[in-house]
Amino acid sequence: DDAIRIASPYQTTVLDPMRSAAAGNIETYGLLYARLIRRNLETGALEPGLAESWETSADGLTYTLHLREATFSDGSPITAEDVAFSLDRIHGDKQSAYPAPLSAMESVKATDPKTVVIKLKSVFVPFLGNLEIWNMGIVSKADVEKRGLEKAFATVPVTSGPYAVKEWKPNQKLVLVPNKHYWRQGYPKSDAMVELLEIASPETRAAMLKSGEVDVVRGVEWAQVDELKATENVDMRLEPSTVIYMTLLNETREPFSNMKARQAAAHAIDNKALTKAITHGYATPANTTLPGAIEYHDKSNPGIAYDPAKAKEELAESGMTGREVKILATAGAAEQQMALLLQAQWQAIGLKPVIVNVDNAAWWDATGKGDYDAAATWWYNETPDPDLAVRWAVCGSCGSASFNTHYDNKKVDDLVEQGTRETDPAKRAEIYKEIQKITTDEVSQIPLYYAPNATAYSKRLSGLKLTSSLQWTLEETTFVK
Amino acid sequence: MKGERHMEKQAALLSVADLTVAFGGLTVVKGISFELHPREIIGIVGESGSGKSIACRAVAGLLPSSAVATGRVMLEGRDLMRLDETQWQQVRGRDLGMIFQNPASHLDPLRQIGRQVAAPLIRHQHLGRRDAQERAVELLADVGIRQPEMRVKSYPHEFSGGMKQRAMIAAAIGCGPKLLIADEPTTALDVTVQARILKLLKDLNQRHGLAVILISHDLGVIADICSRVVVMRQGEIVEQGPTGQVVGDPQHAYTKLLIDSQPSRRASRGWRVETKSAETSPFLAVEKLSVSFPVKRGLVAGLLNRGEATFLALDKADIRVAQGETVGIVGESGSGKSTLARAITRLNQPSGGAVKLGGEDVLGLAGEGLTRFRRRVQMVFQNPYDSLNPRLTVAEAIAEPIWRHGLASRREAAKQADDLLEMVELPHALRDRKPRQLSGGQCQRVGLARALALRPEMLIADEITSALDVTTQAQILDLLTRLKQERDLTLLYISHDLAVVSAFCQRVYVFKAGRIVESGAAQQVLTEPQHDYTRELVGAVMHLAPSSQKKGLEPDHAVG
Amino acid sequence: MGHLQAILQRLLQLIPVLLGITIVAFLLLHLAPGDPARLLAGDRASAETIAAIRHQYGLDLPLWRQFLTYMGNLLQGDIGQSLRFQRPVVELIGQFMWPTLFLVSYVVVLSVPPTLILAITSARKPGGLADQIIRLIGVAGLTIPVFWLGIMMSRFFGVALGWFPVSGYGEGFLDHLHHLFLPALSTAIWFIPVLTQSLRAALIDKATADFATAAKAQGASQRDIFWSTVLPNAVLPTLNLLGVLVAFIIGGTIIVEMVYAVPGLGTLMIKSLLGRDYYVVQGLTLVFAVATVLITLAVDVLTAIIDPRVKL
Amino acid sequence: MAVISLGNDAKVRRGRQLPWTMIMAIAILGAWILLAAGASLVAPYDPDAVDIMNMMASPNAQHWFGTDQVGRDVFSRVIYAARVDLFMCVAGVVPPLMIGATIGLLSGYFGGFVDGFFMRLYDITAAFPFFVLVLAIVGVLGPGLTNYFISLALVGWVTYARLVRAEVLTIRDSEYVQAARSLGYATRIILLRHVLPNAFGPVIAYAVSDAVLVMLAGASLGFLGMGAQPPLAEWGVMISDGQPFVQQAWWICFFPGIAAITLGLGLAFLGDGLAQIRRRQVAQ
């Protein structure tokens, strides 16, 4: 009874795919719940999932999807009712953690047991792609009605994806077994169990991999990469991702409500040196406010140059010289390093940066309440399409407050809306290029670097990777004999 | 006496040659030599602080680590100074028993008395636990502890001073050693018990050939059982020889002084100062005072039994003391004398009764009133060593009450402390010593000096001269007499020394088993005792006969 | 007072203690910044979503109402549900309790014999060579950070030599012993010097006491004197220290549990704290309180057994 | 009476001579105090000067102890950190010690209600999860060293209280305490001068260990925002921050570790020396 063991710093906290968008849960949701549409692992193209086929109306406002014959892990059929139920929850339930991908949806209806009709409010180009995101998993309506919402997802939910829950020990591990009723015949390829272990300490994760206690380590620290690369039987990979590291600036209060001050702060940072220093050169310096791996990322944008002299000038112009800057930082080697480097570089241009160490919960509390001036952090985009990214990071009217920076530019907001409706890829590219230019120039955030996913695998596995949308390809995984 | 005949023929059991003990640069035993023959009992007498205890500890190899001993100590032909620890273990306890001068601190506070008495039996005689325990009961009975079956289960803190001393003796003689070193083994004992202990020693001596080195200040005791006597002063032996000879015809001036200071020989020293009678104006009135202690049981018993058993240590005692009067308290060891003293000074919580000082209720005092009371009434503890804070030097300990009570500045207090040291006959050099570096008698006098520092109106003296040689004792009593005259000091004098009590006190109370059995004018009670116990007590006193031409010693009574 | 009565009384006093702890912990927890709802829903959740979640768990009620509800449930023996996992707190604690209990006992078992040996060797000849070495090692043991040591040992014994697992708890007694060896050892290495220093100091103090001399005078061997006289007299402060430390590590093995990924109460505590899983933290606090009180009581009972002068 | 001899003075003087451990303690601690005081003279670099181009440089002529993960001079930081760490050893230990000793003293001496009250307080505190407290304090008062000391004082007293109480329980009925009572000393005086000094042995031994623990615990609490805040140099934080880089740059945590160990040694010697002096105070 061999198992594939994955050690990650993130943990599963809820099994209801609608309830959380937190790292740790999203990997799990992908394993438990199948979506209507899949993304091809090689090409990145959209492929049929639970929906065998689909049509789009000419006006682009109606999508009709035809379901294939498939069953839940309890053997009951997956029907259009279940799909409508699932999407409705994501879209309309007050507790839905991430309704944004379905923001354009007006209604979803099961017209017959195998057909689902979705109506949009307006043209929404990335819609199909969004149906592939991890929280779009289909859950069993009958089961939720039978067991009640709480019970249905409490321990062993009825699943539609490649895996089902065997045992869940919160705060410790989640044990999964292949779902016998998974619609993809012959998948998961291996009938091994999967254990998702939550291991907080990076050193411990590495040690466990080396001693063979786990097969995969998520979130390898940069400092450990070289060592793991040199380790026999370990396949240390830097996988492409849509992760961007950047510095949030609080634009509701001085100094960073002042654009000149933001620009000064950005010019003060030598992000090439910083990237090399922190990631040992494994990441690419960021040139715009959007992730480097998404579609329409503007490679040609020159980014913000490192120019301390100019920074000083700008700061003087802004009148913010000598201002105190509260830098929030959480634990973790990279975060600490980053905070220190920001501090040093800002100090050099005449700001007064102070580092405040907090835990994750307090970090979210402070950034949410606007009780900070700067905070280096990261985010990633769930799909290659940039729509969700811009809504999250730079849109002042999309509900995210531009990732708590409160950057708000009407023009950008308009461009965001245009982007979703524009069907011509070339024009879309222009729109997103423009967004990147404006927000980078105005320094909505300070882009730092595009980091790959540093993941280490035991060489006894093959076919496993972490996709750029942070999903494990466990159903493709086999043991090397 | 009987031993004398054999001793020339036999090889010495113990021979000490040129024994010198030094603490750092300070030599306290200066090249002493003496011999002890099998079956012999020798006495060591001498000035307090003359090195008696240290010399004996040196013989047993039990000096503190800071001491350096040189010389030769041979026990049955073995050089004890050369023994290693394992060899010592064979000697100590089995061949050589030791009774320490200060029994309180030499008992393990955490172990039941019975176990401590039984331990050497188990170790050396390989008795079983149960047998040893039974033997311990016998031994405790032998040394005159009442209800020994129950008392084996007591812990040291539940024993009176004299009882601890007897427990120590029981432990030391348990294995029937060849040689017993007894350092003032009877100081805390009343005369009846003392007689009993001495008889026990004599019996052991006669029946089992126990040889004894007996350190004592009581020449009566020495004369009673020792065949030879060694007189020490300032670390040297000034004289030694057969008891009769030394006592009857002392050669050295110090020996002469010692013998002449014997209380029985100087009854008319004029210590007694007459005062008004207690009946008219009691200064201190103790009315129906009772003190009881909880009886501690084993854990299991404690777990099961909820009720509380108590032991009545003092039972409705009535005592009156007039101003300026000296009242003696005598009685059996363990009869509640110290308990009374502690109750009066509010160190014990009485279970009933009242204590009044000048009409004021003492037991109800608190705060300022209590402090005032404490200044007026001072107590000298029976156990001088334990009653001194081990961290304070002699001078600090004596000066502290003076400046604490605001009677003088700290500097002035230090000066007064020096005066007090002188008053109690302690050399100035001791002022910077800690209690651990003092001899028993020296500690005792420090305790006295400290109590006097506050110039109290009343002094409760619990065995304050028991560890003093007679000369020093006489000087201390002189001092107290002077204070009585000068300051109208009232004294409650607890003592086992009937001679001193009868010479020094106006009235006396006789205690037995927590009760007062007799009271009255001291001389009258102690010469014409009414109560059986008092009679027994008086009868057991040993003294040196007033003139001692021939043998010079005889107990008033044969000890029965 | 009979012992049993005293013990019962102490157990009764547990009630106000628990109450006190509950109140303080409740207040402090809610004073700390951070929102369980936010952590639950993740980064992307909107303010409305968060509000909805808060409402569902009653987190939007005034503090005093939340407290009353909590106390009400507590009085009925219900210590609540995990906000994060929607499971009874009891279940979670039950899941994480055993590794910690095992670990703590393991640490004590691993620590006490070496402590005795080291302290004795050291105190036998204070200032001697053995003593110096032991004290130096002790200082080193104290000064090496537990997390560093833990990591080093897991690398060396776990990874390089492969003798011990570097994580988890295993199944079955022997497996537990195997899994928890390194964590227990890492803790013991810090534990032993602390205890040794305390015991050594007391031993040296008591070894020169008169009653030790008296035992010597009765021909007791060094060993005898040590075991039956010096040690019992010296052991009380160390026993108290041990009690405090054991109570402390029940909730304080966090670092070691993190380094070795032991699913114990420390891990649960820290994860619940970081996740602001209020009721789990509250429940753990109660468990720690009961454990502390019981340990303290045990120490006090032992003290009363050892020292007749001390009343319970 | 002439028991006085000339040797006595010599004896006394020798008694005052310091034990060698005390001399070592003074040497080590003195050296650190000097270094800390003169840090600006000794340290070649600004301890907080980040050098992004020269990160994790191994020890060399310019940087004797190398540079750390953001290019700061490890040597200068080690020296400057001495200030913080010396202060920590005092500020992190003395307040809990004083509070604990007081509570232990009162509790053990008076027994009864006082004892009951304080011991329940003890139960509450000892059972109270330190991390909850830390979290709340950081949350309310903000992160930082001062708050670390506050939380230590709030929690750390319990050990001292238990230790002192255990000793006091056996001392309070001793005859010298009774004697002090009968001499009419104020209770305060009895407690402070007669009981406490005799109950202090185990406390000294523990305080030394505690100082070292305090020094390192701050570092392990870093993830909650406790302890020294960056960029302030402090050995514990340096060790734990350098930890992830130990493979490439052992010197980042090695040298602060050595520094901490020497200070620990100094403290241990101090504890030992004090204990020895205490013992001498009772008897030679």
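As written, the chains take the letters A, B, C and D, and residue 1 is the first residue of each chain.
Note that contacts are C-beta pairs under 8 Å (C-beta built on N, C-alpha and C of every residue); 3 or more make two chains touch, one makes a residue touch a chain.
Computed from a predicted model, the values in this text were never measured in an experiment.
Hey, which pair has more contacts between C-betas, B-C or C-D?
C-D
Please compute the C-alpha centroid of chain B, do the same for chain C, then give the distance between them in whole Å.
50
Return the distance between the CA-based centres of chain A and chain B, expressed in whole Å.
88
Measuring from the mean C-alpha position of chain C to the mean C-alpha position of chain D, what distance in angstrom results?
That pair's centroid distance is 21 Å.
Starting from the mean Cα coordinates of chain A and chain D, work out the distance between those two points in Å.
46
Using the touch rule from the top of the page, what residues of chain D touch 2 or more other chains?
135, 138-139, 170, 173, 243, 283
Can you tell me which residues of chain C touch two or more of the remaining chains?
In chain C, 32-34, 151, 208, 270, 273, 307, 309 touch at least two other chains.
For chain A, which residues are shared contacts with two or more other chains?
Chain A, residues with two or more chain partners: 203, 358-359, 362.
Okay, what are all the chain pairs that touch?
A-C, A-D, B-C, B-D, C-D
Considering the complex alone, what residue numbers of chain A touch chain C?
Spelled out, the residues of chain A in touch with chain C are 11, 13-14, 19-23, 25-26, 94-100, 150, 154, 169-172, 197-201, 203-204, 207-208, 210-211, 213, 358-362, 364-366, 368, 379, 392, 399-400.
What residues of chain C sit close enough to touch chain A in their complex?
32-36, 38-49, 52-53, 56, 82, 84-87, 92, 95-96, 151, 154-155, 158-159, 162, 165-168, 258-261, 263, 267-268, 270-276
What does chain D use to touch chain C in their complex?
111, 116, 119-120, 122-124, 126-133, 135-136, 138-140, 158-159, 162-163, 165-167, 169-170, 173, 201-202, 204-206, 208-209, 212-213, 216, 219-220, 236, 239-240, 243, 253, 257, 260-261, 264-265, 268, 271-272, 275, 279, 283
Tell me, which parts of chain D touch chain A in their complex?
Checking each residue of chain D against chain A gives 48-50, 52-53, 55, 69-71, 135, 138-139, 142-143, 222-225, 229-231, 241, 243-245, 247-248.
In the complex formed with chain D, which residues of chain B make contact?
22-28, 47, 49, 64, 66, 104, 109, 157, 234-235, 342, 345-347, 370-375, 378-379, 381, 383, 386-391, 400-401, 404-405, 425, 427-430, 432, 434, 436-437, 447, 450-451, 454
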